[in-house]
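Same chain, two partners: chain A is paired with chain B first, then with chain C.
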Partner chain A sequence: MMLAAIPLLPAAAFAVLAPMSRALRNSAKTVSLVAMTGSLVLALVAFAEVWSARGGEGTHAVFHAFLPIAPGHAFGFGLLLDPVSAVMLLVVTIVGLCVQVYSLGYMHTDERVGWYYAVLSLFSAAMLAVVLADNFLELYMAWEIMGLCSYLLIGFWHTEEGPRKASIKAFLTTRVGDVGFGLALAAMFALTGSFAFDVVLPASAGWAPGAATLVALLLLFAAMGKSAQFPLHVWLPDAMAGPTPASALIHAATMVAAGVYLVARALPVFVASGVALTVTLAIGIVTALLGGTLALVQHDIKKVLAYSTISQLGYMFVALGTASEVAALYHLVTHAFFKSLLFLGAGVIIHATHTQDMREMGGLRRKMPVTTAVFTVGALALAGVFPLSGFFSKDEILASLLRGGHYWFFAGALLAALLTAFYVTRLWVRVFWGTGSDHAHEGHRVMLAPMAVLAAITAVIGFASVAFAGFLGHEGEWPEVGLAAASTLTALGGIGAAWWVYSLGGVDTEALKARLKVPYDVLVQKYYMDALYEAAFVKPYEAAARALAAFDLGVIDGAVNGVATLWVRATQVSRNFDVNVIDGAVNGAADAVVEAGGKLRRLQTGRVQSYQRLIVGGLVLLLAWVMVLWPLLKAALKGA
Partner chain B sequence: MNWLLNVVVFLPLAGALAATLLPKESPGAAKWLAAVVTGADLVFAAVLVARFDVAKGYQFATNVPWVPQANIHYHIAVDGISITMLALSALLSFIAVLASWRVENKPATYFAMLMLLEVGMNGVFVALDFVLFYVFWELVLVPMYFLISMWGGPRREYASLKFFLYTLFGSVFMLVGIVALFLYTGTFDLVRLASAGSALPAHVQWWLFLAFFLGFAVKVPVWPLHTWLPDAHVEAPTAGSVLLAGVLLKMGTYGFIRVGLPVLPVALTKGANGLPPWQPILVVLAAISIVYGAAVAFAQTDLKKLVAYSSVSHMGFVMLGIASLTVAGIDGAVAVMFSHGLVTGLLFLMVGMVYERGHTRKIEDLSGLMPQVPRIGAAFALASFASLGLPGMSGFVGEFLSLVGGWQAATAKGAIFSPAWVVVSAVGVLLAAAYTLWMVQRVVLGNPSRTVGTMSDMTGRELATVVPLVTLTLVVGIYWSSLLRFVDPAVRALLAGLGGA
Partner chain C sequence: MRVGLEAFVMLATALFAVGLFGALSKRSAIMVLMSLELMANAVNILLVAASRYVTPATMDGWFFAVFSLVVSAAEIGLGLSLVLALYRKVRTAELDRLDTLKG
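Right, the complex of A and B next:
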C-alpha cells in the first residue's frame, strides 16, 4: 500500500489545494512540495526494493495489486512495480521535485501560483499512475488526466490569446491520437476480454498478424500524439506558451515521453505484428530529422528546445522500432534529466534577459557563470559528447540500428545527431558567447540548486548504462570503439560547424538565407504543416459544421415544419368536404392542428387562450386515436 | 418496503395537488412546499437504493389488477437499471426545484407542474405494465408543455407546441404498437412480454419494432428526429432544460432497453423476410447522431443550443451501447444515461446562472467567467470536462464502455454491422472535445466581457444545486462500481433473457 501512496500523495495535494480560495491556495503551495518529497522518498524505497530483488528472472514484478472499479474484473486500478516502473518512478519524482523547487523562484510573483502548484501535483499523480499502471485502461485514464494538466498549464496565462489557442491545439492534437488509444482498448478487450499487461501481452503472440498490427498501430498512433511524433507533433512547439518549468516537467521530461513508455510496455504486440515495428522506426527517424532541421531556424530559445525534444523523442521511437526497449527507455531517462535541465536553464535566462529571442541575448557567460556551467553540461549531453549521459544513450540506439541491419536508418540517425550538435551549439553561442545582455543577473539559489542536481545526474548517469540494461533484464554492453568514434566525430563535427558559423563568423548567415531562400522558408514555415492542417482539417471542419447547422435548420427542421403545414392543408380540405363519422373528435383534432400549423408558420407569441385550445386539441387527437383503436381492442378481448 | 416505491412515485402528485390549494397571498409558500416534497421524495428514493439488493431482479413490486376486463395491471417494480434512473429523476427534480427559487410568475402552478412532471418521470421508470407505462409517458408531456409555454423564452409558443406535437406523434405509434402487441400476446405485462413477444413471427416483430422505434427515437432523440430538442431547450426555463435533458431523453433509451431489446429480439438481430435487422440501423443512426450532433454543436452561437446539440451527440453513445447487445455496451449505455443526466443537468444549471445574471446566452457576449466569478467558472469548466468524457469523471465510463461494446459486437462472429461505425463514433469523442473546449475558451477563460464584468458569484443555494452533481460525477467517474454494481447484474439478466437471439 506504500506503493499506492506514491501517486496518491500528489493527488491528495491537488484535492486539498483545488477547492481552496485563491489566497489560501497561494499560501498553501508547500502542501504540493511536501507531497512530492514524500513521493520521492517512497519511490527511492520502491527502487531499492526492486534493486535488491534483481537478477534471476529478469523483469519480474516485485509487487502487484489490483482494485476492480467495475463488475467483471477487467476494469480496475492495479499497481505494478517492476524494474521499468521503478526507474520511471525515480525519473518522475526527481524531475518533479526539482521543478517544484525551482518554481518557488520562477513563479513566486504570479498571482495564481497556488493553482499552478495544484495542477503540477495533479500532473505528477497522473504521470506516476501511468508508470505504475498494470493495465492499459488505467494507463489510458491517467494519460488523459495528464493531457488535462498539460492543457491547464499551457493555457495557464489564459487571459492572453496565445496560450489559450496553444492549449486547445495541444489537447485536440493529442486527442486525435487518443481516439486510437480508445479503439486499441476496445480491440484488445474484444480479443482477450482484458486490459491487463500480463494477459494482453502474452496473448498477442497468438493473435492473427492483422489483429496484432491493428492494436499495435492504434497504440502507436496514441503514442505519436502524446510524444509529438510526425505528423502529430505540431502542438508541442506551441505548448511553450506555458510557464517554463511546466514545459521542463511535462513537455520535455515526462508526459511527452509517456508515448515511448507506452510503446515500450506494449512492445510484444509490436513484435507480434512486425509491420508495426517498421512503421515505428520510420516515424521515429522522420521525426528525429524533422525536429532537428526545424530547430536550426528558430530564434525563440524555448522553441529550439521544443523541436529538440521532438527530435530526441523521435530517436527513442527509432530505438523502439528496432525492438530495443532498453535503448529507448535509457534515452528516455537521460533525456528527461538533461532536457529538463536545459529548460530550467532557459527559464533562468528568460528571467534574466526578459526575452525569449536569442537574437537579443549574448555574453551571458560573464554575468551568469553557474547557469552557464550547468547549461553547458546539458547542452553537451544533448549533443552526445563523452562522457555525458546523452553520449551513452544515443550510442545504444545507434548500436541497435546496426545490429538490426538498418543501415539507411543508421545514416539518418547519424544525420540527426549532427543536426542536434549543430543547433545546440548555435543556441549556446547565441546565448552565452559574444556580447549583448549586459543587465542580466544570475538566478536565485532556489532555482540554481535543482539545476545543479540535474546537471550532476546528467554528468554521471551515462556510466550506469550497462547496469541499467542489466537491471531491465538485458545484457548491457559498453560502446564499441568504432561506433563511439563515429558518433563522437559526428557530434564534434556539428559543434565545430556551428562554432565556425556563429562564433567565428565563417559564413554570412544572412547571405546564406538569401541564397537558400526556398528551403529556408520551408523550415521557417515548419514544412507548412500548420498551414496544411488549417486548410485541410480545421477550416473544412468549421465550414462543414456551419453547413450542417444550416442543413439542420433548413432541411431537417424545414421538413418537420413542412409536414406540419401539409397536414394543416390536408385537414382543412378534409374539413371542407366533411364526411367524417367520428366528426366531433376529428374536428377537434383538426382544429388543433390548424392552430398548430398556423403557429408553426408564424412563429410568434400569442394569446393564452390559444394555448389552451391547442393542448385540448392535442388531447382530443389522442382520444381520437384511442377511439379508432378501441374496436380492435374489443375484438381482441373477445378473442381472449 | 414495497409500499415505499408507490410513495416515491405518487408523493409529488400529492404535492402538486397541495400546491394548487395554497393561498394566493403567500406566493413564497409553493417553492418551500415543492422543496420539501421533492426533497422527501429524494430521501425515500435513496432509502430504496440503500435497501436494493443487487443480486436480485425486480424488487419492491406492487402488482394489482387495474382494468381487469382488459388485463391491465397496476404493476410497478425496479431492477438495477430502473432504480438508477429513478434515483436520477428524484435527484434532478429536487435540484430543479432549488434552481427555480426565483420564479415569481404564478409560482404555485409552476411548482405544481414540476412535481407533476416528477410523477410521470418516476412512473415511467418503474412501470411494468405497458398501459401504465404509456400513461406515465404521456403524463410527462403535459407539465413539460406548460413549463415551456408559460415560463419559457420569447419563442416558447412555437417550441412548446413543437415539443408536444412531435413527441405525441411518436407516442401515437407506440400506442399502436402496445395495442397490437396485446392483440398478439394477450398481455400488457412487460415481464411476461419478454418471453411472449420474442416468440412472435419475425415480420410481426419487425413492424412492432418500427412502431416502438418511432415512439422512443423521437424522445431520445435519434437523428433525424431531433429538431424539436434545440428549440425546446432554448425556450425552456432552466429547470425545464435540466429535466428535459437530464431525465426526459432517457425515457426514450430506457424504452429501447426495457421494451425493444427483450420483447422484440428477432427484429433486432435477424430482421424479417426482405426487411433488414434493426441492429445495424440503430448503430448507423447512433454514429450519425454522435458526429452530426457534435458538428452542429460546434457551429452554435447560443450556449443552450450548443448544449442541446451536444445532447444529441451524447445520446448517440447510448444508442450505440444499446444496439451493441453486449454487457459492456448496455452497461455503458445506462452509465451514459446517468452521467449525461448529471453533467448536462449541471451544464444547464450553469447556463441558467449565467443567463440570470447577464440576460444573454450568446457566446460572443460572454467571456472571462473564471476571473470574474471563479465558482461559476470552475463549475462550468468542470462540467465541460466531464461532458467531453475526461477519465475520472462520469462521462468517460459510459462512452468508453459503449465503444468497447460496439467494437465487440462489430468484430464478433456473425456480426451484422461494420466496425467502421464504431470508429466513426469514436471520432465523436474528439469532436466533443472540439466544441466543448471551444466553448470553454470563449466563455470561461479570457478577460471578463462587459456582460460578465458585472456578475456576482454563486450564492449558497446555487452552490447546493451544483455540489451534489459534481460529487456524483467524480464518484462514478473514479469508482465505476458505485453505479455499475446496480446496472451490471440487471443488464446481464436482460441479455440472458435474450437467449440465442
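Right, the complex of A and C next:
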C-alpha cells in the first residue's frame, strides 16, 4: 500500500487542483509540493528496502485482478518494486521535487500557476506509475497520461501560436510511436496471453525469432516516439515552447527517458530477437550524431539543449543496442540530473536576459556567479569530463561498445562525444564569456537552491557507478585507463576546439559559414526533415482534410439541408391546412354563432310592452293555427 | 227586447280589445294598469253572463267573478305600489324608458 501511495500522492494533488486551479491559485504550489515531498520520502523508504534486500526478489504487489480483457484473462493492476524501479523512483521524485521548487520562482507571476502545478503533479504521478508498472498494459496507460501532460505543458501558453502548434506536433508525433506500442501489446498478448513482465519476458526466449523481432521493433518504435529518436525526433526541439522547468522535467530528465526505460525493461525480447538490438544500435548512433550536429548551429539556448537531449538519448539507445541495460539506465540517471540542471540554468538565464537567443547574451559569469558555477558543473558533466557523472556513464557505454566488438559504432560514439563537448562549450562561451548582457541579475534563491542540489548530485553520482551496476545485479567495474584517456582526450579536444573557435576567435565563423554553405544550410534546415514531413504528411493530410471538408459541406450537409428544406415545405403545407381548413371550420362555427347572436339580440329590447306584443302576436298565431289552419288542413287531407 | 248572451260576449270582447290595446300601447304605467283592469273586468262580465245564461240554477260564475274582483283589487294595489316604488327610484313611470334589461 505504501508503494501505491508514491504515484497516488501526486495524483491526489492533481485531483484536488485540477477542478479549481484558479481558486487554489495561491495554495496550489503547497499542495503539489507536499504531495511530491511525500512521494520522495516514500521513494527513499522503498529504495532503502530494496537496497537492504539486495539479491533478493523484488517486491511485487498485485492489487486487484479486475478488468477482464478476454475470456479467461483478467488484467491486474500491479506494482513492481525491483532495483530498476527503485532507482527510477528516486530519479523521478528528486528531479520532480527540484523542478517544482524551482517553479516557485520561475512561474510565480503566471496567471495560471494553479493549473501548471496540477499538470506537473499529474505528470509526476504518471511517470511514477510508468516505473512501478508490473505489466506492459499498465505501463502503456501511464505512458499515455504522460503524453497528455507533455501536450498540456508544451501548449501551456496556448494563447500564442508557437506553443499551440508545438504541442500538437509533439502529441501527434509521439502518437505515431504509440501506435507501435499498441500493436506490440496485441502481438505479445497473442503470443503469451498476458501483459505481465514476469510472463512475457521469460517467455520471449522461446519465441520464433520473427515474433520476437516483431514485438521488439514495435516496442522500439514506441520508444523512438517518446524518446525523440530519429526519425521521430522532430517534436522535441519544438517542445521547448513550453515553460522551461517543464522542459527540464519532461523533455530532458524523465518522460523522454521513458522510452529508454521501456526498452531496458523489454530487453530480453530484444536479445531474443538479435536483429532488434542491431536496429536499436543503429537508430541510437544515427540519433546521437544527428542531435549533436544539429546542436552546433542552433542559436536558441533551449534548442541547443533539446538537440543535446536527443543526442544523449541516442547514446542511451546505443547502450541498449549492446544489450547493456546497466550502461543505458546509468546514463539515463546521470543525464536526468545534469540535463535538468542545464535546463533550469537556462531558465534562470532566460529570466535574467529576457531572451533565448545566445547571440544576445554574453559575460553572464560576472553578473550571475552562482548560476555560472552550477551550469558549468552540468556542462562539464555533459561533455564527459572527469570526475563528473557524465564521464562515468559515457565511459560505460563506450566500454560496452568495445566489449560487443562494435568498433565502427565506437568511433561514431566518440565522434558524438566530441560534438557534445564542442557544442556545450560553444554554448558556455556564448552565454558566460565575453560581454553583452550587462543588466542581468542573479536568480532568486528558490531557483538556485534546486540547481545546487542537482549540481551536487551530478558531481558525486559518478562514483556510484560500480555500486549502481552491482545494485542492478551486474558486475560493475571502473573505467579502464586507456578508454578513460581516449574519452577524456575526446572531450578535452571538443572543448579546446570550441574554445579556440568561439573564445579566442581562431576561426572566422562567418567566413566558415560562407565557405561551407551547403552543409551549413543542411544543418540549419535540420536535414530538411521538417520540410520532408511537411511535404509528405502535413500537406497531403491538410489536402485530404480540405477534400473531406468539401465533401462534408457539399454532400453530407447538402443532404441534411435538403431533408430539412423538404421538411420545412411539408410543414408549411400542413400549416396551411391547419389554418385554412381546421381553424376555418372552428372559427366559421364561432363566427356563425356570434352573427346569429348579434341578430337575435335585437329582440331583447328590455321593454315590457314589446314582449307583451310578441306574446299577443304569438297567441294570435297559435289560435289561428289551432282554430283555423289546422282544421282546414285536416279537412283537406281527409278530402284527399 | 230581450238581451242575449251574444251581446255580453260582444261587449266583453270589445272591452278586452280596448284593454289589450291600452296595455300594449300606453306609455304610462298607470294607464297600463288601468287597461289591465279593463281586461280583467271584461272577463268578469263574461263570467257573470255565462253564469246567468248557461247555468242559471247553480250560478257558479258568480263565485268566480267575486274571486276575480278580490284578486284584481289586490293586484291593482300591488301594481300601484310597485309603480310608486319604481318612480321613487328612477323618477319616471314611462314604460319605454325602463329598458335596463335590453340585450
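In the analysis below, the second predicted complex is superposed on the first by the 519 of 640 C-alpha atoms of A that agree within 3 Å, B and C clash if a C-alpha of one lies under 4 Å from a C-alpha of the other, contacts with A are read in each partner's own complex, and residues count from 1 in each chain.
To be clear about the criterion, a contact is a pair of C-beta atoms (placed from the backbone, for glycine too) under 8 Å apart; a residue touches a chain by one contact, two chains touch by 3 or more.
Just so we're clear, the structure is a prediction, and the values are computed from it rather than from any experiment.
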item	value
Partner chain(s) touched by A:Pro519 [first = chain B, second = chain C, both, neither]	neither
Which superposed partner A:Pro540 touches (first chain B, second chain C, both, neither)	neither
Which of chain B and chain C A:Phe189 touches, first, second, both or neither	first
First (chain B), second (chain C), both or neither touched by A:Ile168	first
Touched partner set for A:Met141, first chain B, second chain C, both or neither	first
Contacts of A:His158 with chain B and chain C, given as first, second, both or neither	first
Of chain C and chain B, partner touching more chain A residues	B
Shared contact residues on chain A - chain B and chain C	603-606
Footprint of chain C on chain A - complex, ascending	601-609, 612-613, 616
Chain A-facing residues of chain B, complex	69-71, 138, 142, 145-146, 149-150, 154-158, 160-162, 164-166, 168, 172, 175-176, 179, 182-183, 186, 224, 226-228, 292, 295-296, 298-300, 327-328, 331, 368, 370-371, 374, 385, 390-392, 396-397, 400, 403-404, 406-408, 411-412, 422-423, 426-427, 429-430, 433-434, 437-438, 441, 445-447, 478-481, 484-485, 488-489
Touching residues (chain side chain A, partner chain B) in the complex	22, 68-72, 75, 140-142, 144-145, 148, 151, 155, 158-159, 164-165, 167-168, 171-172, 175-176, 178-179, 182-183, 185-187, 189-190, 541-542, 544-546, 548-549, 552, 556-557, 560, 564, 596, 599-600, 603-606, 611, 614-615, 618, 621-622, 625-626, 629, 632-633, 635-637, 639-640
In the complex with chain A, residue positions of chain C that touch it	20, 23-25, 32, 95-96, 98-103
